[in-house]
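Here come two complexes built around subunit A, the first alongside subunit B, the second alongside subunit C.
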Partner chain A sequence: MMTNKVRVATTSLAGCFGCHMSFLDMDERLVGLLEHVEFDRSPLTDIKHCQPCDIGLVEGGLCNAENVHVLREFRNNCKILIAVGACAINGGVPAMRNHYEVQECLQEAYLNGVGVDNPMIPSDPELPLLLSKVHPLHEVVRVDYYLPGCPPSGDAFYAILSDLLAGREPSLSKTMLHYD
Partner chain B sequence: MNQLLENTLTIDGQVVPFSAGQTIMDAALAAGIYIPHLCHKPELKPHGSCKLCTVDVDGRSMSACTFPASQGMQVANNTPALTEVRKTLVQMLFVEGNHLCPTCDKTGDCTLQALGYHLGMLDGHFPPFYPRREVDASHPDLILDRDRCIMCGLCVRASQQIDGKNVFALSGRGAQNHVIVNSPSGKLGDSDLNKDDLAAHICPVGAILPKNHGHEVPIGRRTFDLHTVAESDIATFNLHKTEHHDD
Partner chain C sequence: MQQLLQGEPCPDQAVNGLMPHLLHQLHAIQQQYRYIPTQQSKQVSETLQLPLAQIESVIDFYSFFTRTPRGQYTLLFSNCTSCGDLALMRELCQLLKVEQGITRTDGLVSIDETSCIGMCDHGASLLINDRVIAHLDSTRLKQIAEYIESKTPLDQWSPELFSINTQIYKKGLLLEQPLEQGSALTAAFKLGSDALIQTLKQSGLRGRGGAGFTTGMKWEFCRQAQGAQHYVVCNADEGEPGTFKDRILLTDHAHELFEGMTVAAYALGAQQGYLYLRGEYRYLVPHIQQVLTERRQQQLLGQNILGQQGFTFDIELVVGAGAYICGEESALLESLEQKRGVPRIRPPFPVTHGYLGQPTVVNNVETFVAAAHIVSKGANWFKAHGTEQSAGSKLLSISGDCTKAGIYEYAFGVTVQQVLDDCGASDAQAVQVGGPSGTLVHRKDFGRQLAFEDLATGGSIMIYGQQRDLLKVVRNFTHFFAHESCGFCTPCRVGTPLLRKYLDKIEAGHGTAYDREEMARLAKLVKKRSHCGLGQTAANPILDLLEHFPHVCEQRLLHQEYEPFFNLDAALETTRQLSHRDDAEAHLA
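Up next, the complex of A and B:
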């Protein structure tokens, strides 16, 4: 399908979908945006794999093997890759588990935790294995831009996308810059 | 020599007076000029550890907090090159600890975070260290989270020079450097520290925090929602604004 629209893919790795909710907080501005943008793989579409795209928005850090595969697919297909939110930038709240061994976390959740029934650590090969630590995106792939915040505001999403659509170098005003 | 120009230096072209024994930082703060800093407080001896006050003095990099002011000195402070250096220093401090601002009670009131904003830091740039340092929650009124400690030594100096209790010290070499507590067990709860001591509330980050007082100030009303880090640190500190600093 030939089109002049800018293709945008989005995904959530070890994220909470809060950055995607903030993306939707652009509210009615999304309607205007959709005149210039169409979505590729995203939790908001039914596309299963990322095709060549202009912009990839990735929320969440890397906590398991599947996250790494998806991130590499995005990097291979997106001209511009944006790390969105605290988790993608420094691991975020999930990186608090880096204070412990991954085995300790699994044992607490699936063997020793309060109310655990039929204790066993899930081991089906369908399930992606956890990484020993949670990592930010830039430890695995090159990242072009960072959009900080937990989550970034809808205004911040609008600012960075407006800049990129207009061919400008993105710049975040100090009012939109926060890490919390 | 013109009498009026004795005991003056210039900072970014502005003539600044100083008195004998003052550092560049002393003279700048007295003149209301902000030089970014984390480990400096005027009432305590300078430390020279954070390096954020690095300025160009007659073409050489110096720490403004420790370098004595002298007649006719040409200091460059607010330059794009120094902003880049300082941003890199803040990034190094962020990746060296676990600075997960969304979980921290100090967010919005943290000088390290405010410097990140001031310097336009978007990311940590370097691979995170993810240190595993001990959290000490043994004190009834205070908590010590070493993962957020930036080794500025303000608690150490406040405890030695102001409170006279000598509760804290920095120990260990290189990346193993960490804050220790001077009590028989090494625990804060067994030390003489009181929640009203300067050492208990001088921490510029979320390493030493009062217990049971988190998230009391609404977002939008916290220190650095209302003030820039520059406003909060210069000598003419005056907290009367009610709007966001960029409004």
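Up next, the complex of A and C:
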């Protein structure tokens, strides 16, 4: 079914889905938003792959090969790509492992950790390989906008989407960038 | 510190003849053990009655202190564009079979780099256990390597290696006619403190550190401020890369400096002064101590100075430990108070709330020297030189691609071109005026004047000839700021390493127009949002490069929309090996 609605895709990479939860904090404003927006690939629709979209919202940083594939799919299909939240912008909590070598992390988790049974580092081809470090999105693809916060508030999601839908350059008020 | 103020002896009184101070204690420990063992930190904590957390934060803040052992011979190569040559560092690493930053297993030697050590007129230089070796070349490196391998004590090394001989090519107002000892003080007593400050104001003297605040006003504000004590502090933390004029003043004109400080003390009613010397100049300590002793013997310091009843003033020396930020006056005061050198929130300014919260005048070495001359010779003598807004003269430290690197004293208002002609720089494509935090001047602008109203400078003039790669120069500066950021505010702490990352990417040929735009956006943000002068100027080199030398950046860019920051497939190498995989999914194109 063809519509004139703006197509929006969302995904979470190395993140906690907290940004998506916050997205839902738009509450009843989501109803109004759906008048203008149609969701493509997103945990909300369970669509597995992106079609060409207008806006892509990506939560989480990049910790493994699959994250890179998904991010590239978003970049290739979305006219506007937005890095959403601390992990997408800076690496966030998952990037705390960057203080260690990836080898140390795997050894701790699968070989030497407390309560490890049958110690071995997983090698199933189904499992995506970890990158040596966790990276923010803009180190692997071009990013158009950054929506900061851990997570960004529902108001901030609403503000950036409203601006884009109205064809304005997105701009967040100071209060939306003040976190304490 | 309290003990010192009360004039009581501190248990560990004499550390190299310096006053009891956390930085001095830590330095002595670092000398003895080549690092600061935890046990020693605890002892210092008890001796100085400071919390252990404060001791440890100070150790981690200053680059000359370490928690892991450095070599018995600790070598730090300057990485400045004028007195640094890291190719020589790598050469010596090979000769001594040691990796940069990692102490050799026998503990004999460690080699690393450090920010500019102020030897810019002497070519490539290094610090070895607090002493300076300049004019480095392959021959000298071999000599150094042999001495180290044979464990020869530094005192028995050829003294020639340590010789430092700075050329003064042009003398002006201050350097031409040395001041007779005590003459400024005699003049000050005659004037009285009110008239003295008026004289300074009339002279138009402005701070020589670079910011250019009117000295007479600073002294007046401080004098008017209420406080149990007033303090005079001399900022000799000459850390701006390319600057070495204070080193010359401290070497040859220390009497005039101390006379200026004493005049200030008289004007303010201060009894205690401090000279904060950068750690890189530690080799000057015996000389400075000697001058102070002479002045005490001549009644130019101490009680009832020159017979002036009730005028008591003395000066102590405090030596830093490798932190550029301590050149910022409020960071310097923090360091003086035995803390990390983190800039304070201003206002209140040091003139009302300075050292230990008391009214304090902090001035540059050259400012005090000029003040002494002015009080002795009068405001008009000074004001007759320079420009309307920039009275008097300025000492310039000139280095880089010229035939006569050294000290030049010019009346303010001299053009860049004139300076270049005098120092034998015929093929300059650009001049960095005022150090990395200053201005990168294109040759079309060489007609501009050195003065507060045009090109302000603390004295650093670095010249870059046609063969220099300006992107490498700016990259060097950007690395410098990222290294020296004190970490207090986010725009600078996070921003400067990000700028470094973008510039490294562009320099390596992986940058795109998108990276350049992002870098420019970030540069403006760092400049606008940082807490102190370091962050506010850290992006200047990048912004100047993009504005005046756009082709330098342009020719390095890839002509494609985007390029990742790292090699994606290589980032999977470790986990490929750990999981013994080599299937298609184990690779990223």
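Just a few scattered comments:
Rule of thumb we're sticking to: the second predicted complex is superposed on the first by the 177 of 180 C-alpha atoms of A that agree within 3 Å, B and C clash if a C-alpha of one lies under 4 Å from a C-alpha of the other, contacts with A are read in each partner's own complex, and residues count from 1 in each chain.
Following the convention adopted for this analysis, contacts are C-beta pairs under 8 Å (C-beta built on N, C-alpha and C of every residue); 3 or more make two chains touch, one makes a residue touch a chain.
Not measured: the values here are computed from a predicted model.
Because the two structures share subunit A, they can be overlaid on it, and in that overlay subunit B clashes with subunit C.
Legend: residue contacts after superposition of the two complexes on their common chain; A:His99 is shown touching subunit B, with no touch to subunit C. Once the two complexes are overlaid on the shared chain, A:Ala83 sits against subunit B while remaining clear of subunit C.
Of the two partner chains placed by the overlay, only subunit B lies in contact with A:Tyr179; subunit C stays clear of it.
In the superposed model, A:Ala65 makes contact with subunit C only, not with subunit B. Annotation for subunit A, partner touching more residues between subunit B and subunit C: B.
When the two complexes are overlaid on their common chain A, residue A:Lys133 makes contact with subunit B and with subunit C alike.
In the superposed model, A:Gly154 lies in contact with neither subunit B nor subunit C. Of the candidate stretches 167-175, 221-229 or 239-247 in subunit B, only 167-175 runs into subunit C once the two complexes are overlaid on chain A. Looking at subunit A, you'll find residues 133, 135, 138-139 touch subunit B in one structure and subunit C in the other. Residues of subunit B touching subunit A in their complex: 94-95, 98-104, 107-108, 113, 116-117, 120, 122-125, 127-128, 130, 132, 147, 244-247. Contacts from subunit A toward subunit C in the complex involve residues 65, 68, 101-103, 106, 121-123, 125, 128-133, 135, 138-142. Chain contact summary for the complex, subunit C toward subunit A: residues 514, 518, 561-562, 564-566, 568, 571-576, 578-581, 583, 585-586, 588. Subunit A contributes residues 83, 86, 89-93, 95-96, 98-99, 133, 135-136, 138-139, 143, 145-148, 150, 172-175, 177-180 to its touches with subunit B in the complex.
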